[in-house]
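Order as written gives the chain letters A, B, C, D and E; numbering starts at 1 within each chain.
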Amino acid sequence: METISIDVASLNLPALLPMAILALGALGLICVDLVVKGLNRSFLTMITILFILLDLGAVIGYNGPSRAFFDVLLVDGIALIAQVIILVASAIFLPLSLSHRHFREFEMAEFYALFMFMIVGFQCMVVSDNLILIFIGLETSSLALYTMIAMHNRAKAFEAAIKYFTMGALAAGFYALSALIFYAMTGSVEIYQIEQALQARNFEPLVGILAGTIFMLGALGFKLSLVPSHTWTPDVYEGSSAPLAGYMSVVPKIAGFVVAMRLFEMLVYSGVVWLEHILYAAVVLTMTLANITALVQEDVKRMLAFSSISHAGFMMAAILIGTTQSNTALFLYWTLFMFTNLGAFTMLWIVRHRKNLWDERYQHPYTKFSGLVKLMPATATIMGIFMFALAGMPPFSVFWGKLYLISAAINSEYIYLAVIIALNSAIAVYYYMKLAVYMFLKEPVMSDATLYATNASTPLKVIVGVSVMITVFAIIFVEPLLNILTKYVSASGF
Amino acid sequence: MEHILSLLVFFPAVAGLLGFLVAKESIRAYGISVSVIEFCLSLILWIGFDSANAGYQFVEYYAFIPSYGMSYYLGVDGISLFLVILSTFITMIALIGLSIEKDIKNLIISVLFLEMTMVGVFLILDVIWFYAFWELSLVPMLYIIGGWGGERRMYAAIKFFLYTFAGSVLMLVGILYMGFLYYEATGIWSFALPDWYLLQVPFKAQLWLFGAFFLGFAIKVPMFPFHTWLPYAHGQAPTIGSVILAAVLLKMGSYGFVRFSLPLFPDATVYFLIPVAIICIIMVIYAAMIAYAQEDMKQVIAYSSISHMGIVILGTFAMNAEGITGSIFLMLSHGIVSGALFMLVGVIYDRRHTKMIRDFGGLAQVMPNFATVYGIMLMASVGLPLTVGFVGEFLSLVGFYRISWILTLLAGTGIILGAVYMLVLYKKSFFGQVVHEENRSLKDLNAKELSALIPLVLLVAILGIYPKPLLSTIDMSVQKMLVLMDQKAIEPATKELIMKANSIGGTH
Amino acid sequence: MITLTHYLILTGLLFAIGLVGVMRRTNLLMLFFSTEILLNAVNIGFVAVSKYYGDFTGQMFAFFIIAVAASEVAVGLGLLILWYKRNGSVDLNSLQMMKG
Amino acid sequence: MYEVIAFYIFSILTVGMFGIVVMSKNALYAMSALAGGMIFISGFFFILDAEFLGVVQIVVYSGAIMALYAFGMMFFDTTRDVSEKMRSKKIAYTLSIISAVLIVAILCMPLVSESIEASYPAMENVGNIQMVGLILFTKYLVPFELAAIMLLVAMISGIVLASKKMDEHLAIEEDECEMLKEGK
Amino acid sequence: MEKYLYTALFAPLVSSLFVALFASRPKMLFTGVIASILIAISMVSSFVLLIDVNTHGALHVNMMDWIVAGNLYIPFGFVVDEVSVIMMVTVTLVSTVVHIYSIGYMDHDKSFNRFFSYLSAFVFSMMILVMSDNFVGLFIGWEGVGLCSWLLIGFWYHKHSASWAANEAFIMNRIADLGMLMGLFLIYWNVGSLQYEEVFATLKDLDSVVVATIGIFLFIGAMGKSAQFPLHTWLADAMEGPTPVSALIHAATMVTAGVYLVIRCGELYSMIPDVGFAIASLGAFVALFAASMALVNNDLKRIIAYSTLSQLGYMFVAAGLGAYWIALFHLMTHAFFKSLLFLGAGNVMHAMHDELNIKKMGGLYGSMKATAILMSVASVALAGIYPLAGFFSKDKILEVAFNEGAYFLWFALFIGAGLTAFYSFRLVMLVFFGEKEYIKHGFHPHEAQPFVIYALLPLGLLAVIAGWFEHQFEGFTTRLLARYEIHISHGIEIVLIGATLCIAVGGIAFAIYKYQRGGFSKTWEEGFFYKLLSNQYYIPKVYELYIMRPFTMLSQFVWQKIDMKVVDFTVDSIARTIYKTGEKSRKMQSGNLSDMLRWMVVGMVVLLVLALFYRPMA
């Protein structure tokens, strides 16, 4: 066997740099932790953010070819956008660890190491179209995430982690089976080659392709919490700490969307009507069922969980539509949603209280927020703004995403989809408004305002301030964001 | 004068924000001052307005999201000018007459935000922004109804909010579809209304779009059978909420018809003319009958609002200058009159904490001034000539007569039924002997209430006697719009109808 | 002669057995066993297809799947231990604090 | 012929073993059966000329994973018969049968294409292990590294979750403990 | 001359507004005085205008624009021509008298000031009505007098019956107004203008059906204001108002507005004789119908009110048959003697402490001679006895009916004349002569203050002499109105006059004869006709039973059942259904891990089944 010589330049190593930075950072952090005991969480947080920022710099600064490392890596437009979103979200969610009260998971260096590894996993998911790498990335991030959820160290956190884990394992099985089917049909595990091979076969046998798609839908559907694989979402959100729940509602999903986009886009464009119908049904079901269930929730966090399912449904609609505009809308929507969601979960984090004073079962029941405007007008107003923003009330952030999404639907003649999205927004407004109603229209149950601020700290307040600013003045960012996103999305051929 | 429109829109909002810093004791004075300044600004706008120019004036244009055709586009014409003034005026009056003490700071700030959204709706020419203001107006109203309302205020507030929101999201779909059509036709994205005016929409699309917009507007107006939120909202809202709701917010819907449905979809408008007119007739008669059956004074006025809005919409669909001008004038007059009536109910509610008609009787003896003002507003409400109510009603009915005499006759029964329920209400509450001892010691209008009501009374008389400056300004823009509609019409039947509706004589 | 289809059918059967286990097991530990079956079933398929095509990608995939399985076991058992320490049970019916 | 016999023997054995895994009431049996099944699967790998994978299968599964499970089992004290209260059996079995039929049916289809060019064809004179190594460290270096990270993550997770740190009631609040007692 | 016009028009307004400033204060005498003076000024101006019109012809001013929209142009324009000036003079004259009279009549009322404010406002509205040069201006006045009528009928608002009657009057009038509005719309869309001049100028170009429709619509308006059948019930009930109001509004001026409208639109109605004949027939019917109700009524004011109704019928006969100047003439003379009658009745009421039942009076002549004489004169005039005013105008109407060959109408009017004479003198007899019933009821009647009586004298005088100016009147008004030629021979004319006089005198004589002997026996009152008449043919009952009650019930039904139970319920149930679905879908979230896993498998299975069996077409 002759020796193999590979030109290092052809590997295009800078494409790997972002992940490498973070992985090394994580390793370094663990090593430091071994040496130096009792590192303060602020140090850990900040050093992690620094690594994330370095990573971000490497991502933004990347200007090499899109293919790298034997074509395993694919750094195209959506990969870049998704990475930026992932990194920014990570960087802004992480400082939530600096709450007023101390939570032990945030004191542990392992948490931050896992956090960084998780980001590496997500990044690998989005910068590849190789099903193997995607799988490993997915598992890396998921395993880290399960652990981090459990590290909250509450019975509910464990329960959440186990539920999440078990369903994740089943989803991993589905993923593997799906990959097997595609591999069996095409002899490849790289999406672009799969596409070519399927085209060469003229999409026959259809049932095989459909089966592969179905299992992939099962696997990604779990990640994106599509009905009926969504059942973990509310429980996991409820069990996790608010920062992590908020994080989960944004970052894993964007990674999932990118994979879904890569995979389903080719299928949607293959002209397989079946697939279009199934996706349509899944989208409608996800939006509607989640919305309707959210109506009857008694806990704000669970409500937000269901609402994030429904938002994910909107995003799947964008993938279903599959035009450049809709894919741009997806990223626009998610970026705007990220900030608003950050704000909302930060508010929950701020008002977190040691004991379940308001309800046996729930940490954040609606009644907890009764008459908040009388006790803390600014807090209530800000929370109200976040709620109305999530509801898609103009001119707050999410509205512009929704606007663009509905427009994308209309432009591709998905009129009924547009109407369904609109009607769902109308239903959704009820449960968001419900919180506003509690905060503004009811009488307070407790007169002690300090109960609500036991976890508040300056960093948290700053984060809320920033996200409320972005939420309110989102309109200013829409145009530049739209230009950038359109450029990158269309450059990568979606 | 360059940026007066922006100033008009955002002054109340900025003032509202700053209001957070004002001490609770002087927030009332602050609110009134701000609203007075805003009102003066709107008067300055009127002074600067060139009433010989039918187009948009004081236009401000700033491309906001050029790649998607969104812009910040303000402009005022004869149709919107007076609605803006009405908004600022009613807000001012409502604040002057405000009698609530509880959480007054929040209330006043909400009202100021509400004012921004109202003025914004009437001034904005970019449709997306229009939608934004439209939706945004719900939030402060939700708070006002829910925060200071009666017993079932939550239910009323939520119903109001959800109902109108649900209607308007479908309108949003319509808006975006319209934007898409514009894009398809021109290759450029634009959500600027004047741009849209130039677009001839295919007939089929017109029908759908008309439907989508109709739903949004009809719920806001509110038209039968989408009206059931209104009695609750009015019944539960505090006085200031009812006043603004009836006087201005309902007008957003009818304004929407004039601004959007008619000029954008002339063929669909003509196509749906008779069904819409029939709905209007139902509204007029049905709401009047219900008003007659009410036991709550405020509900009578709430239902009477529905009844009157029926005539407004009927006038709008008359497709001629008389009818449309009349309907816009009727919007103004209904704003003044219903606002005043709700304030009057508020006056008595403040004293007795009941609105039930059976709890009153013989009030004319105890509160003669109150009874007088009430009587004047009542007469304006039933459309007595030389009050403001007559002009618009007369013009609307005149206008629609050209379309169909029988429907006009049926709508005209509204003036009979209006007299019936209003006079019965007046008789039951003001005439007769004082039956309830509590009523014997009621105080007549105090200075604060008088200062809020007298301007309204004066307006009722002045605009009833000399409506010409308003009418001619409105008429100018309306005629321009009619010409536009005629030019845009695709179907020959539409052109024919517009021609017929605007000409004297001939057969019909 | 054993064809690829035989292997795929075997894969299917084993995968189905795994699903049965996933659905009927309430003991979490044994539930985890079932998830292992799922992955192993797929592995057979991968290697078989790989053999059929004479292509090594399938083997690679199988290799990584084994790695994934190993990692999952570590994390899963860790979680299970935590739960057991708190709750004294590894039955999934004990995980019912959150619902609705 | 030898292949056929081996295939069927291994097939029957694996199916049987895994059947025991999912059906048995005794956790110990189940685990043993699982271990057995894993080993028989490595048999398939050997039949299919994937010697490296076969070895890995035995080493990783039977060596590492099974050891972990055994440890867990001892820890959880589930060596006795476990009583599982299964909810709505009918649904579970119906679903099981349908899904089995469907998956098998679909995998029976002529999925495989004749005209596929192997991306990484087996080379003449190159052993399986060499080939695996070659591809693993060129094409799949990144996934391999990532897999390393994944294993590291798993290790850290295992350590963190099972460590004393989680044991002591690190939770600053005690509220859930009470709830736990009440709840179940 | 314009300044006289404006003075005549606006003096009442000034009066009303000025007095309104003191409306809520206790009685201030000067308000009444000033109001009276201002109305008198208006009267003087009207007379000046009368002379001016007589010499210089009509006066037309355009004060300002009112409604301008589209093609519609409505100014505040006023015209003083032969017709309107007659109306102005009549209105202001009667008004002045009533104002002065009211100072005495309302002396003890605590709302003295308010009363004058309303009364002057009424005069202003009436002036607008008659002076306007377009239909909408007329409509302003039309509604304005309606409003003032409402205010004044319900003046004693603490009385349930008063406010009820006020509302009834207003609503009845509104019904008719709708008809009138429709007429205006029709005119506008056919002519393009609502100015009298332009409308009448273009009438001949219009389709006759259109003209007829316009005529019918306008007459519907007139029916309401002039209380013609079937919209007549409000007038009798309107007697709940203070008596001066009845005199001014419900006898002399407002109710004649309908007649004025028909006269004003004479050019229109003369084009549609069929409609005119229908109007005349209705008028004749009402003349008889109302007179019959007056026969048995015991309410002092209601009798006079029915008589007014009956006389309005006469006027409509004349107007309907094209004898516009005669209608106007009767309108004028009737205004004088009828207001006199009412004001006299007011004196009686005052004397009797607001007792209205004439059965409880009798023999009042002794204590209030002046009133008795004035009322008798007025009654004679009403009965149409030569040479009093009523004779000239009423006789003319009968002649017209005969002349048109409408013998049936003539006969009805002829009988009506007899009935009129009878019930007038029934009233006079029962009130002023015969047994002094009031003593039994403990009343102490006294004559009104002297200035009140003096104020009535001009009316008394006019009731006597107004008829003598018939020819001048004809000459003056026919400059504008159509002439009316009477073709019947002089001989027949004499016979007719004689017959009419005979029946009138007969009626009077019968009344005097019968009531000097204590009237009819009680058994009469048991009879069917008596009951029918005294219950006003059961018409108010029919309205009550078949219109008001069903309407109220229907309203309740619409509100409770349709709006709440159907419309609102539907909306709520949509929301509720969605919410309930939420409760159901919540069950999916059982929290059991096994269920969650199964859901995932279910999803897969469903999709796989679909993959095998669902084949959509593109």
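In the analysis below, contacts are C-beta pairs under 8 Å (C-beta built on N, C-alpha and C of every residue); 3 or more make two chains touch, one makes a residue touch a chain.
For reference, the UniProt names are C = NADH-quinone oxidoreductase subunit K.
Keep in mind it's a predicted model, so treat the numbers as computed, not measured.
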Subunit C and subunit E share contacts with A, D
Subunit D and subunit E share contacts with A, C
Taking each chain's centre as the mean of its CA atoms, the one lying farthest from the centre of subunit A is chain E
Strictly by count of touching C-beta pairs, the top pair is C-D
One chain's C-alpha mean falls closest to the whole-protein C-alpha mean, and that chain is B
At the largest C-alpha centroid distance from subunit C we find chain E
Expressed in whole Å, how far the mean CA point of subunit B lies from that of subunit C is 65
Per the C-alpha centroid definition, the whole-Å distance linking subunit A and subunit E comes out as 78
For the pair subunit B and subunit E, the C-alpha centroid-to-centroid distance in angstrom is 36
Dist(centroid_CA(subunit A), centroid_CA(subunit C)) in Å evaluates to 26
Flagged in subunit C as touching 2+ other chains are 4, 8, 11, 15, 18-19, 22-23, 25-26, 32, 45, 49, 53, 55, 57, 60, 64, 67-68, 71-72, 75, 78-80, 82, 86-87, 92-93, 95-100
Within subunit E, the set of residues that touch 2 or more other chains is 586, 589, 591-595, 597-598, 601-602, 604, 608, 611-612
The positions of subunit B in contact with two or more other chains are 162
Contacting chain pairs, sorted by label, are A-B, A-C, A-D, A-E, B-E, C-D, C-E, D-E
Listed in rising order, the residues of subunit A that touch subunit D in the complex are 1, 4, 6, 16, 19, 23, 30, 69-70, 72-73, 101-104, 108, 110, 113-114, 117-118, 120-121, 124, 128, 130, 132-133, 136-137, 139-140, 143-144, 146-147, 150-151, 153-156, 177, 181, 184-188, 193, 197, 200-201, 205, 207-208, 211, 354-356, 360
Counting only contacts in the complex, subunit C reaches subunit D at residues 1-2, 4-21, 23-27, 29-30, 32-34, 36-37, 40, 43-45, 47-57, 59-60, 62-64, 66-75, 77-82, 84-87, 89-91, 93-94, 96-97
Residue set of subunit A touching subunit E in the complex reads 162-163, 166-167, 170-171, 174, 207, 210-211, 214-215, 217-218, 221-222, 227-229, 231-232, 234-235, 271, 273-274, 277-278, 289, 292-296, 427
Interface with subunit A, subunit D side, in the complex: residues 103, 106-107, 109-113, 115-119, 123, 125-126, 130, 134, 138-143, 146-147, 149-150, 152-154, 156-157, 159-161, 165-166, 170-173, 175-177, 179-180
Subunit B residues touching subunit A in their complex are 20, 64-68, 103, 106, 128-129, 131-132, 135-136, 139, 142-143, 146-147, 153-154, 157-158, 161-162, 165-166, 169-170, 172-173, 176-177, 179-180, 183
